[in-house]
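This is the structure I have questions about; it appears just below.
Every chain is named by a letter (A, B, C and D) in the order it is written, and numbering of its residues begins at 1.
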Amino acid sequence: MNQIHVGCRLRYTVQSETTFLFNISVTQNTFQSTTNESIEVSPFHKIEECAVGPLGNRYLRMTANPGDLTIDYRATVELHANEVDSTDVCEVNYENLPADVLTYLNPSRYCESDKLLRFAGEEFGQLVPGYSRVTAICNWTFDHLTYTPGSTGPLTTACDVLIQRTGVCRDYAHLAISMCRACGIPARYVSGYAVRLQPPDFHGFFEAYLDGRWFLFDATRLAPVGGFVRIGTGRDAADVAFATIRGDAQSTEVTVWSDEQQGGDHMLDPDNVQTGVSSAS
Amino acid sequence: MNQIHVGCRLRYTVQSETTFLFNISVTQNTFQSTTNESIEVSPFHKIEECAVGPLGNRYLRMTANPGDLTIDYRATVELHANEVDSTDVCEVNYENLPADVLTYLNPSRYCESDKLLRFAGEEFGQLVPGYSRVTAICNWTFDHLTYTPGSTGPLTTACDVLIQRTGVCRDYAHLAISMCRACGIPARYVSGYAVRLQPPDFHGFFEAYLDGRWFLFDATRLAPVGGFVRIGTGRDAADVAFATIRGDAQSTEVTVWSDEQQGGDHMLDPDNVQTGVSSAS
Amino acid sequence: MNQIHVGCRLRYTVQSETTFLFNISVTQNTFQSTTNESIEVSPFHKIEECAVGPLGNRYLRMTANPGDLTIDYRATVELHANEVDSTDVCEVNYENLPADVLTYLNPSRYCESDKLLRFAGEEFGQLVPGYSRVTAICNWTFDHLTYTPGSTGPLTTACDVLIQRTGVCRDYAHLAISMCRACGIPARYVSGYAVRLQPPDFHGFFEAYLDGRWFLFDATRLAPVGGFVRIGTGRDAADVAFATIRGDAQSTEVTVWSDEQQGGDHMLDPDNVQTGVSSAS
Amino acid sequence: MNQIHVGCRLRYTVQSETTFLFNISVTQNTFQSTTNESIEVSPFHKIEECAVGPLGNRYLRMTANPGDLTIDYRATVELHANEVDSTDVCEVNYENLPADVLTYLNPSRYCESDKLLRFAGEEFGQLVPGYSRVTAICNWTFDHLTYTPGSTGPLTTACDVLIQRTGVCRDYAHLAISMCRACGIPARYVSGYAVRLQPPDFHGFFEAYLDGRWFLFDATRLAPVGGFVRIGTGRDAADVAFATIRGDAQSTEVTVWSDEQQGGDHMLDPDNVQTGVSSAS
């Protein structure tokens, strides 16, 4: 059992009536339970939690009046990671993939896997299928990119990153997802909080569908996978922006934290590829 | 009531064991009911209908042995189009969009709406919101593109089309979808059969979310919207390929037909923008 | 006669031995003569003027030691603009274009005119050939773009700008050049100093080949064409960067000025399209 | 001495008056002399040889009437390759590059070297500068691409090729050129005839500036470098299209040949990287 305190403070200067959609609340699923959660909006505005979809993404929506606006979100989460001996984790044949998983083989806005069929085939096609092949994709991504804050932007795609060889966590995830899909392994983007991430920020990682479950991966090696707290799940970062703004408002602060209460010892080391974390049904 | 016979014949030469996923079966929903449907595979292979997802897409999956393969699909469909006076059809404020519709505002593989915010704002931002604004986007798309078979390929995106000003039905749909999303109107891709389409083929069109429902649109003006029979629905064409092939097989024939039994008189004319077709819940 | 004082101050912090190539010296040609010119390097470093090529671009090359480095360039230039009644200025038939001009019909790094043949044909193909057609391209560029400092970067191309509809002077020039080439009008990029430009900076504009000569144009309308002092000429901005740095040095200051001595009355107004400036042989 | 017969037959159906610019005539320089040359146009049309530029490209221009048109070009060429022990061939420091060579460090339409600085630095930055580094770039290009006729088109760039990993001779040249430029080695595109090329066609290769001269390279290994007969030289393929057509004409035949008279034994083997061919001043 692993208890983690996470949260964020977002501040805006709202110029004219603006609708915000926040994707900052932690997901509730069998691998992650919330023991405590609060959201404060100052000054007070009514905030609506949109209906939760099949992926468990929880959107908070509010329309704010002009002026300063502060959102404080806090949650205490218990992670019940299902550690698995990854040597047994195989890929699922295309013939046997569930229909709702097939979507995650399709290319998406930032993951042009359709352009990378030959590339992925040549780099990863000869590897033994299974968990270790996704690990190889992560290692390859780590080896070929340099983590450079500010080097990419909201329009940057996996193919851009492959050319320029630099990016941030979302770019690492997009590139690895693209390679997985091009190899026939369903993969999707996960946003979340991550303990021991320096500097603290929202994190982007991904999961691959293997052996009938989704397994978490992170090609950046910036934080232990066992300390990830899921916020949102989607095809790529386009689906899980932490804030979508319709109106005229400027961000003035984004502070994110994620502290482990205790027992970080049990967290999986990012370099330890022998044990997989199955974290979504 | 409008009864339509649709179908297709697909032939392949299979070189080695190959898994196919077909998205050729018509959707079942309140606007479209199937009175008759058959699928024949020669030589015989077991074909599985994957579980139908929330969008109603029906995938047929089969693993074929080497040799020639023929798929014959036939259906008789009754369309119960819900004709609406489009002058009353308004856009839905971002504040009030259902959570499961928000997805269709996000950019996708072939619809880079995030690059087109300024473009769409300048071209369509001053228009009166509502059904007529989507019609204006369709007209603009029609006016700025030339329909040229073979001019684009599977990698072509809305932005490519905007530059090269030529494309086929899927490109028209992608460009119009992108402009809608950039204007804040949820929009998604629809594949289907279409009566009076010359030459007969699978068709690609789109729908926009207005007034709490989805309305069909087609920027190509190649066939009457009232004669569209829906196969698949997705973010863009990446989600509804009529055939996905994993293995080694060559297509040798794609024949598509769509015949109205009677009463085509009641079909909506593509140039008639006064009456909208609400065709999905 | 029009006398103009131009110059720039460039400062760098050089970390390790670095070679610089500067393209800041004004061109010498029949339309522009230098009455006074100086270049100061502090601390002193030997600076070499590379051989001047057929375009008259004058490159200064120097290898600097670690430390602070300041370059001060000053020149006094007399402009002998050859004003022409632009109503008489025709396009040159492809059959009659000089061989050395043909190059400026080819696409280049930032001017993908090959992608824009249909676009340009549809927008400008029906216009009367001649000076007024290039003016129409400038007006169209001005009308479709918003001048936004910082909105684009060194990788931005004409097609990017066409999609995002915003840019700076170099982007305006690239887009107009691309449209000219796609219409069969040779066009090339010019960098220079420009009087009355606010804020003062290096400027990017272009010239088109008409009636056997090159004529200056500027789609930004930010400064009078009659007050442009040419530095470099090339296919696009890739050829005339004001500073190319091989080594490890950071820019700490870029100050540019351009002051008319007198007689600015005779400068051509950017909105006055009746009089053309023929400014290169 | 190496005597080679080269030529081509181009046929067109001209619909309306059309101007052609052909770049099919062999260059004359100290490494390549023409002993015999003829051009036949049937039916007869006057053909003009445009003035030869500094690169020695010879353009033939003609305006053809409607009807069938055949161009027959033949030349006998003696190659005086200047074989050099490539182990002695060093790179030229940026400080010492001639001004007219600097252009070939700039990115161009199909060679976006500016995007590849980090990529090239990581792959080739640690190699010993000199002829062998360009050979390493050629080998890397050969190893990472698959030669696939029809896999690319006229819009394909080096970065596209790097992603899709397949191309034809022009794509191999563009990718290798881009990597050279990104490494600080001036490089340019060469079109030509090539003996022993199967199937016979126009060939695209490149040259890199080393040790004060230009050296030929070919990353495709499809033909011996010693049997290349130069037609045109440019920044990339945009500069040396074998036929540029302004008007309405369809190509009905492109036949190319290149036969060695004798003594092919002395040709350099494409795999032999010890001996360089210096073939342009």
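Please note the rule applied: a residue touches a chain if its C-beta (ideal position, glycine included) is under 8 Å from a C-beta of that chain, and two chains touch if they have at least 3 such contacts.
In this text, all values refer to a predicted model and were calculated from it rather than measured experimentally.
The chains in contact with chain A and with chain D alike: there are none. Hopping across touching chains, the smallest step count from chain A to chain C is 2. With C-D and B-C as the two chain pairs, more C-beta contacts join C-D. Chain B and chain D have Cα centroids lying 45 Å from one another. For the pair chain C and chain D, the distance between mean C-alpha positions equals 30 Å. Note on chain placement: the centre of chain B and the centre of chain C lie 47 Å apart, centres being C-alpha means. Of all residues in chain C, those that touch two or more other chains are 115. Touching pairs of chains, sorted by label, consist of A-B, A-D, B-C, C-D. On the chain D side of its complex with chain C, the touching residues are 19, 21, 50-54, 59, 61, 63, 93-95, 98-100, 102-103, 106-109, 112, 114-115, 154-155, 184, 235, 238-239, 246. Of all the residues in chain A, the ones that touch chain D in their complex are 115-116, 118-119, 122, 144, 146, 159, 162-166.
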